[in-house]
Amino acid sequence: MGKAGSMKIAAQRGGKPAALGSAVRQPERRGHSRGNKAPAPASAANAATGDDTEITALSLPATELSPSMQAYFAKCEEKLGFVPNVLKAYGFNSAKLEAFAAMYNDLMLAPSGLSKLEREMIAVAVSSVNRCYYCLVAHGAAVRQLSGDPVLGELMVMNYRAARLSERQRAMLDFAVKLTEQPWAVEEADRERLRRTGFTDADIWDISAVAGFFNMSNRVASATDMRPNSVYHALTR
Amino acid sequence: MGKAGSMKIAAQRGGKPAALGSAVRQPERRGHSRGNKAPAPASAANAATGDDTEITALSLPATELSPSMQAYFAKCEEKLGFVPNVLKAYGFNSAKLEAFAAMYNDLMLAPSGLSKLEREMIAVAVSSVNRCYYCLVAHGAAVRQLSGDPVLGELMVMNYRAARLSERQRAMLDFAVKLTEQPWAVEEADRERLRRTGFTDADIWDISAVAGFFNMSNRVASATDMRPNSVYHALTR
Amino acid sequence: MGKAGSMKIAAQRGGKPAALGSAVRQPERRGHSRGNKAPAPASAANAATGDDTEITALSLPATELSPSMQAYFAKCEEKLGFVPNVLKAYGFNSAKLEAFAAMYNDLMLAPSGLSKLEREMIAVAVSSVNRCYYCLVAHGAAVRQLSGDPVLGELMVMNYRAARLSERQRAMLDFAVKLTEQPWAVEEADRERLRRTGFTDADIWDISAVAGFFNMSNRVASATDMRPNSVYHALTR
Amino acid sequence: MGKAGSMKIAAQRGGKPAALGSAVRQPERRGHSRGNKAPAPASAANAATGDDTEITALSLPATELSPSMQAYFAKCEEKLGFVPNVLKAYGFNSAKLEAFAAMYNDLMLAPSGLSKLEREMIAVAVSSVNRCYYCLVAHGAAVRQLSGDPVLGELMVMNYRAARLSERQRAMLDFAVKLTEQPWAVEEADRERLRRTGFTDADIWDISAVAGFFNMSNRVASATDMRPNSVYHALTR
Amino acid sequence: MGKAGSMKIAAQRGGKPAALGSAVRQPERRGHSRGNKAPAPASAANAATGDDTEITALSLPATELSPSMQAYFAKCEEKLGFVPNVLKAYGFNSAKLEAFAAMYNDLMLAPSGLSKLEREMIAVAVSSVNRCYYCLVAHGAAVRQLSGDPVLGELMVMNYRAARLSERQRAMLDFAVKLTEQPWAVEEADRERLRRTGFTDADIWDISAVAGFFNMSNRVASATDMRPNSVYHALTR
Amino acid sequence: MGKAGSMKIAAQRGGKPAALGSAVRQPERRGHSRGNKAPAPASAANAATGDDTEITALSLPATELSPSMQAYFAKCEEKLGFVPNVLKAYGFNSAKLEAFAAMYNDLMLAPSGLSKLEREMIAVAVSSVNRCYYCLVAHGAAVRQLSGDPVLGELMVMNYRAARLSERQRAMLDFAVKLTEQPWAVEEADRERLRRTGFTDADIWDISAVAGFFNMSNRVASATDMRPNSVYHALTR
């Protein structure tokens, strides 16, 4: 099944994270139990405490995963050693999970004039504008892995303008970031700049669709306080 | 087939639009042929000229629609009298079209604690922030139709704050708009406000997912200069 | 009397609106009576309920209109079938009404190098930046009427950049919108662009004055929650 | 004639400025003659050079002032010792000048629940948001004169939040500035705050109208590079 | 001692301000004593009341100035007739005061390819973006003094784009303001523009360092509600 | 010598970086030599190539370090294994370097009511608003080291609002970020919130001064394209 290749993380560090044993476990509700407003000081506990078990701030009713999604999660476990938390978050509803996974896999993994690394670079540059913790952690790791260059991942998170990019990749990210910040102002001149640096119209669609997708995902993640698997942090450093 | 119900437009005015006869016709490339920079003055021709035939600014290679998408388009023609241009735009690639349609139909038409009208109100309020012409036209029409209230559609397009809304719907739109403008600043207090006005955590997911989806669609439409079917403009006025 | 030509609406649909029988009736105060915070849900009542009778959120002491303003209102009734709500709002004070009407009529109706349609296009593009419900409804209708093109009205409301405009009109609106968003940054280069597309210095004054005027009107309307006559919504659709 | 009282400046320093001898002299066109892009360095010449003779960047055809406007200008000369440049700028067209003067005089000088100083404070706080050189100079001087407090004028120009204001005046300026920056977000709660600090609904109208007026004037001045009479700078320091 | 030259003000008006007799007096805490929220109306008292004695809103424990800083303050009194309030504010801690004074004196007074006036122009243009009352008053006075041109000081405070500047100085201020507003977007093209107008790389460092310094000082002043010595207001008007 | 403790990095990975052998080597000029606009594609070379040798985009004349600064650099080499690039960048001028180091060491290392970790958290949260690559890398590493929590460093870089912070630390960072984004709007209420969570007025000074300092440093780094030592990236991951 090709979809299993959709998981971006090819290895983990330090063995199987305990929290990933039960992929269909529902996230516990944190929102209400945090009502007393007294979290432990950051210096007194690891800031990632709970990230692997409390995936979102929403308490959503558990459902049985569809057989195809059960297989998908099993494939993740097998290949990555864990199921990305975004999938577990969507897992409260198999129809939503399937729609999300289908779109994600087409955009990020299907053949395209953009390399997989370029698509991940767009993902992170867009997520940086939107300051999305989940997506910056998960896709920052993907940029590090696909490029083999930890610094490139940092640059995409911090300020893509500071990276030493080819003219092509700079134009690609400028388009994606303008589309994120001022979608109303994207016009023919912006598309023409992409064509001048060698992108086809199909490539322009893909740049737009990936940038659009992360403008969606960033917001679902921020709206629900989605937490990344803690395993991402140390990958390819 | 339930999906056919996904088309928001139940009727058309003045007979079948000529342009909709061949749903799988590919959009012609406008971008390059407009290079001479001399469009007719707005006062000399209808501003919608070409909207039904030149759907995007991209010239994308034609492909055969998959059988299920052919059936989907036929259903649109039968029920609505036309195929929404966004579907024709995605139709250059059946995999992308299927993923888009699956997610759209789940979000906007599947059972939810939000009414279909409420989901369309979110669609338009978000699209107003992003000033997306395609989505404001198509989903503004949907708000008019589902509410039977033309003025409500206008208010969602122009400034939702000026509408006389219930406390519930105001909170819903405030959340969606904040999530659009400042996703990084959405926190537990925002979710709590929704809970206080009666939304469940599953509803919060749906508000977030719909707001997120239109933050994606707005950008794909703006990036490609997507044009709405002209039939939308006069619906339910 | 030439001023009567100042009303932008040449016809109405479906007979004389009942609410317009008494042009000098003062607006009732809504602000305080709405203190209970329980408006009917949008789906349970027409969103325009009250728009023709509760013109602003302010309760202003009634005064007798001056004879010239009485004649002006009578002319509106005769020619348009109604008195625009902005005039009724200003009508609590004849001196203010006269000053407003004099400036409005000079700017929008007196001879100018800009057509009346162009002045209305500026009005709507500026009001779109400021998201002014009153002005978008009233002047969006004017664009539809003067151009005979409903879509052009929609485009000015939603995103003028998506319209197929002549170079002249695009330059005109770019100037008006920059002047609205960043007045401090308008400089000689901006004026030069207008001159290059054929505008005279007198035209530049008029573009600036119309853009300026709606930056004023948008704020008076928003500050007072001014509501447009409901008859505007369906005009020239 | 009461209107002559509309000029805000009751005295001048160092005798009658030469440039004011001929109130109807038209401004010379600077825009084109500055084409060589070589202004003298600021350190080599007074930065106000030309401000009293080159009033705007537009070259507008001269016309004869109407008799009432001639009388108005004469009154300015008599009472102030000069004609404010904004009046000379509008003077290329008596109808526009009359409309402007009528609205200005009603707003800033007619009886109101706001003192003249308070109206000037709004003028300057609004002009500070819009960074309008003409209005900050002319109305900053008015605040200094009407209050007898040079520092208050500076505070309105620089940051009204740093001034030691009464709760009433702070609420008034907060409203005017929000209306300037985010007119779409002004709602009943904003009006209620004004009512709670003692403003009547007629006062709210006046705050809104003055704030609106300077949002207009700021833009006309910025669009035309309008220069203030140099006499303003030293008044009441 | 060369450092004493760092005080920008070479003269005072009307004799020695009484408040400056004791340079090391600590600022009194205003923050808490203002808890009753009833300041006198602006029109009833001079807006600068207390500025010379209540220097910040913080109540900081008094300490003995180090001997070198005592000498520095004495030099200020001797040469300027007063100690600038920013020095008194920092004076609660001699180490902090010494570090601040050393950096300030190097940046603003040491040899540089930028004139002292140019450095003060940067200071004011940056402080205008940040709307810092203290810095606009103190350094606006410095621009007036160093240029001998009161209008140039006003222009830097209000909108530097309205000043008649040399190409060199305009480029310098554009760089400083972009660096203030969007530091993340400053790139090689911005540095190249400076080089083209004659700045060396050492000059670019100095422009950046001065702009950076006032982005710091503006924030310390705003955070503590620092008040300028009232003597600044009337200097070189 | 206490100052040597100012270097934030207590250890290095994989031995002494080659590039740090000569601390006083001047940065080479990249700006001009990059004129051909053809950097290698990011995927073809490590994105950090040159970061350790080309420290800024400016070509500054080399000078001899003062003896005290030579000792300071030697101490860095001894304790950290390298000299932070910011010090080498300032090293073209010993007076500027000394002033910078004195202020930095006082702010970040001297006794304070804020822990060193808290000061570094402010540094990173401010640098995140300003998207400063140098400061995010260097001070992100410091947060990871001082807290022993790699995730906390990531959170400060990406979005501090997503971190599980104590009420005290959240208030501290909210103040620092507001001061960064809208310094003009910081008022007594903001200071009062800090006091309510236990900060003294001296602490408020320190929060302000640290936030101010990084608003300076961020801009000097961005203006000069300053590059961090590559050794930072992998520290405490």
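Order of writing sets the labels: A, B, C, D, E and F. Residues in every chain begin at 1.
Assume contacts are C-beta pairs under 8 Å (C-beta built on N, C-alpha and C of every residue); 3 or more make two chains touch, one makes a residue touch a chain.
Because the structure is a prediction, the values reported are computed rather than measured.
*Asks:* Give me the chains shared as neighbours by chain D and chain E.
*Replies:* C, F
*Asks:* Could you tell me the least number of steps, going only between chains that touch, from chain C to chain F?
*Replies:* Minimum number of steps from chain C to chain F: 2.
*Asks:* Is the contact between chain E and chain F built from the same residue numbers on each copy (over half shared) or from different ones (under half shared)?
*Replies:* same
*Asks:* Going by residue numbers, if over half of the contact pairs line up, that's a repeat, so tell me which of D-F, C-D or A-F repeats D-E.
*Replies:* Of the listed options, the interface copy of D-E is A-F.
*Asks:* Quick one: report the Å distance separating chain B from chain D, using the average Cα coordinate of each chain.
*Replies:* Each chain's C-alpha centroid was found; their separation is 46 Å.
*Asks:* Roughly how many whole angstrom separate the Cα centroids of chain B and chain C?
*Replies:* Inter-chain centre distance comes to 28 Å.
*Asks:* Taking each chain's centre as the mean position of its Cα atoms, how many Å separate chain A from chain B?
*Replies:* Centre separation, chain A to chain B: 25 Å.
*Asks:* Among the residues of chain B, which are close enough to touch at least two other chains?
*Replies:* Counting only residues that touch two or more other chains, chain B contributes 131-132, 159, 184, 187, 225.
*Asks:* Report the complete set of touching chain pairs.
*Replies:* Chains touch in the following pairs: A-B, A-C, A-E, A-F, B-C, B-D, B-F, C-D, C-E, D-E, D-F, E-F.
*Asks:* Of all residues in chain A, which touch chain F in the complex?
*Replies:* 37-43, 45-51, 115, 117, 121, 128, 131-133, 136-137, 147, 149-152, 154-155, 157-159, 162-169, 225, 230, 233-234, 237
*Asks:* Where on chain F is chain E touching in the complex?
*Replies:* Checking each residue of chain F against chain E gives 29, 31, 34, 57-61, 92, 95-96, 98-100, 102-103, 106, 110, 130-132, 175, 179-180, 183-184, 186-188, 191-192, 195, 201-202, 204-205, 207-209, 211-213, 215-220, 222-225.
*Asks:* Within the complex, which stretch of chain A touches chain E?
*Replies:* My answer: residues 159, 161.
*Asks:* Within the complex, which stretch of chain B touches chain F?
*Replies:* Going through chain B, the ones touching chain F are 184-185, 187.
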